[in-house]
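Each chain gets a letter, A, B, C and D, in the order it is written, and its residues are counted from 1.
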Amino acid sequence: MDQLIIADKKFNSRLLLGTGKFGSNAEMEDAILASGSEMVTVALKRVDLETDTEQIITHLQHPHLTLLPNTSGVRNAKEAVFAAQLAREALETNWLKLEIHPDPKYLMPDPIETLKATEELAKLGFIILPYIHADPVLCKRLEDAGTAAVMPLGSPIGTNKGLKAEVFLEIIIEQSRVPVIIDAGIGAPSDAAKAMEMGADAVLVNTAIAVAGDPSKMAEAFKLAVLSGRIAYEAKLGKISKFAAASSPLTAFLNE
Amino acid sequence: MDQLIIADKKFNSRLLLGTGKFGSNAEMEDAILASGSEMVTVALKRVDLETDTEQIITHLQHPHLTLLPNTSGVRNAKEAVFAAQLAREALETNWLKLEIHPDPKYLMPDPIETLKATEELAKLGFIILPYIHADPVLCKRLEDAGTAAVMPLGSPIGTNKGLKAEVFLEIIIEQSRVPVIIDAGIGAPSDAAKAMEMGADAVLVNTAIAVAGDPSKMAEAFKLAVLSGRIAYEAKLGKISKFAAASSPLTAFLNE
Amino acid sequence: MDQLIIADKKFNSRLLLGTGKFGSNAEMEDAILASGSEMVTVALKRVDLETDTEQIITHLQHPHLTLLPNTSGVRNAKEAVFAAQLAREALETNWLKLEIHPDPKYLMPDPIETLKATEELAKLGFIILPYIHADPVLCKRLEDAGTAAVMPLGSPIGTNKGLKAEVFLEIIIEQSRVPVIIDAGIGAPSDAAKAMEMGADAVLVNTAIAVAGDPSKMAEAFKLAVLSGRIAYEAKLGKISKFAAASSPLTAFLNE
Amino acid sequence: MDQLIIADKKFNSRLLLGTGKFGSNAEMEDAILASGSEMVTVALKRVDLETDTEQIITHLQHPHLTLLPNTSGVRNAKEAVFAAQLAREALETNWLKLEIHPDPKYLMPDPIETLKATEELAKLGFIILPYIHADPVLCKRLEDAGTAAVMPLGSPIGTNKGLKAEVFLEIIIEQSRVPVIIDAGIGAPSDAAKAMEMGADAVLVNTAIAVAGDPSKMAEAFKLAVLSGRIAYEAKLGKISKFAAASSPLTAFLNE
């Protein structure tokens, strides 16, 4: 399987993990290791105001792991730029998952503020991976503004609903010149496999692993699903047809 | 991962393969080996009247492989019983995939003849795996008649349409006391993963692998997908919800 | 719009109604009249053992209404034939909705018993409309056995899940020489419209109307939906495409 | 059925029509009249550079019809504002369908330019109905910028794919304080009925009618479907369940 390249950095795994909602930091660490993931997102708030006795960051100190601080919680471009700068200082990385959602219920991303923040942050040298609606035109504009990848949603975040934006994701994948990482809503390994079969470059999963009966085992399932989907994409799926081809061997033999 | 048990025989793999439609017998053999499958179906016609210079059976002589002769091509119970007996003699096995489809276009199975043939073949000592519509009541009746498993379809055979009978397969899986093997229509690894996540005991794939751009590679993708789906089933998927839970860390931090 | 013809009887309406689950007999009658339906099913039990002070039958005494007694509650062919004969005597009609479901949870129909009962009842002069799984081969066999129509399900009865058997219903509609009436699972007018657009000859609705906030108003909505779907079928839907045709007027004008 | 109110104007019909792609202006006029629509969109280009001998506008001179000029063909806010002013002058109306799509293949709308143009056009006194992606946050921002309604897409324009953005449309409908008109992709009356059942205030249809076998008849089908869906919305649909409620009369009677 070929490697994933984002901003000149190479990854063997095409599965990104979020670190929210786990029962404990140890459970989170186990799941990350089981997933084979090489990039995990970290909400700034969790880093700054750690209420647990353990620091989350100590659980993410693995040489193969790239930390991707995210701005989750900010509501506009100004807050995002401020948060990004804090994150760069705190985590000593210019990689950034840009997430701006003014909507407290569905946590849907704001296209206008996301583009504005991207334009500013690109000038400040950030490597930006924006979380956005599955909007093909917005993806192209973000690409023009200098994002390292685009992260369109599959369905509303945290819902496990799967690829409800499929028809739009297909267009994004077809048109994008930067990696497309399907983010949000992926609820089962079959969703992740499907996203990869469609040609997505990677997927990000959080809730589906964190709230599973056995998070570490579910992380392993996602690892295999992402591999499977990528291999299937490379091997090229057969066409969907209305009925079986006539070349089938399934013809009568007793009456010959 | 726990083993699949059919009629007291244990299998490590939960992926069955069909042997039709491959470009060559060598290509078929490569795909079977790449898939990790331990049970493959063989159409009787292909065995009897081999037009290729190579015999298909020589390509299936691997110690880990159980051959499952199928009666594909017969149109009623009488033909099926006759074909089954021929198969038992030719392949020296009492395992049998029972397939009766009078319809030459969609190859949909006949519920009446399938039950009738099952009743007769069970008396004759066959281990019967019937290919049937995703009909919950029929599955129970076949179980009562002594089938070793049931093989309901996902969608019409050879179409790659996936799990179009999902709502009925769920009921079958819930009610069955014998293994449920989803057969026909599975078109992509994500379909196979989904079937396993739903709790199916195994899946059978043929067209999706045989007509892929690279059949052997696609077989590997299916191997991983079936593993992934089974592990996810064991790890228990999280619930699907309307919006993200309030326990999410995704709340404002700058305004605190 | 052309008329629906079942066993030489002509109907202007292509919407059949069930009479179960209504809040009261008056509410049921209002809904039936609002729906424009000309054929309603009546469960035998409700007729025999009327616990309400009002008799249900008195609410169905409208000259435009054909009563279709159904055998709901029977579990095999023998019980069905007995119930059918009781119904013929009680309601003075040889029309019969044949419903055999041994499964008390999902009320899924039994294909074997339904065919057996059909064969017997056809000899006894009944005009039979069997409720069955969306099984294309079974439909052909029932047709051969002399049914006046076939009534495949959309999804499990009483669930409002809609057309979950769509791919199989398409095949049934394509192959049937008797009217196809989609029964069970239709949960919204859009489901009914869709069934008619696909070429179904009629639909039967019960739960979706009976449990609606306003059953009579919902009945009117279904009336319009069935009309709409039939007209659309006759007017022929355009094709589904991947993107807009180039013949679109949607091209730039300012830069010309 | 209650009336649709957009910017203080009342409409009895909740079906808007587009005027592109018809075989002739007479065919278009027939379809509009059959649809009962009271508002139709007119592409500016078609008005200015009429190559047909007949003027399209003469076919739209009906007292019950509100013309809604659209800016289809413009690629950014600046072009849109210019086009809007031309339209206001030419058609003597300040109503405007704002459509900005830089993408020549899928004609997907640009969220950034659409918001920018809306802000400018609102100041210029236009009554703006913007065509946009099914993006809940964008809808709220357009509402704040003074749109009279929002027109999110169901699926890519001209494809007849139906409501592929369903999960996002639900959120938009829940959150919007201005009328929500589902635009683009509606391919069949059942799609229109479904949109209305979900609580959309209106739908806009063009391709599905214009390319139907009989456009005028298909327009009538859409008229009925929109009515049906709205009535069903008002009558409140029953819930979707996993199996039939125990209150069903469908219980055994012969064994009592």
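The working rule: a contact is a pair of C-beta atoms (placed from the backbone, for glycine too) under 8 Å apart; a residue touches a chain by one contact, two chains touch by 3 or more.
Source: prediction; values computed, not measured.
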Seminar exercise, completed: Maximum distance between Cα centroids and chain B occurs for chain D
For this session: Just give me the whole-number Å value for how far the CA centre of chain A lies from that of chain C.
Result: 45
Problem set entry | Separation of chain A from chain D, taking each centre as the mean of its C-alpha atoms, in whole Å | 33
For this session: Give the residues of chain C that touch two or more other chains, as numbers and ranges in rising order.
Result: 101, 106, 156, 161
For this session: With chains as vertices and touches as edges, which is it: line, ring, star, complete or other?
Result: ring
For this session: Please give all chain pairs that are in touch with each other.
Result: A-B, A-D, B-C, C-D
Seminar exercise, completed: The chain C residues in contact with chain D across the complex are 20-21, 43-46, 48-49, 72-75, 79, 82-83, 99, 101, 104-107, 156-161, 187-191, 193-194, 197, 207-208, 210-215, 217-218, 220-225, 227-229, 231-232, 234-245, 247-254
For this session: Provide the residue numbers of chain A that touch chain D in the complex, in ascending order.
Result: 101-103, 106, 108-112, 115, 133, 135-138, 140-141, 155-156, 161, 164-168, 171, 175
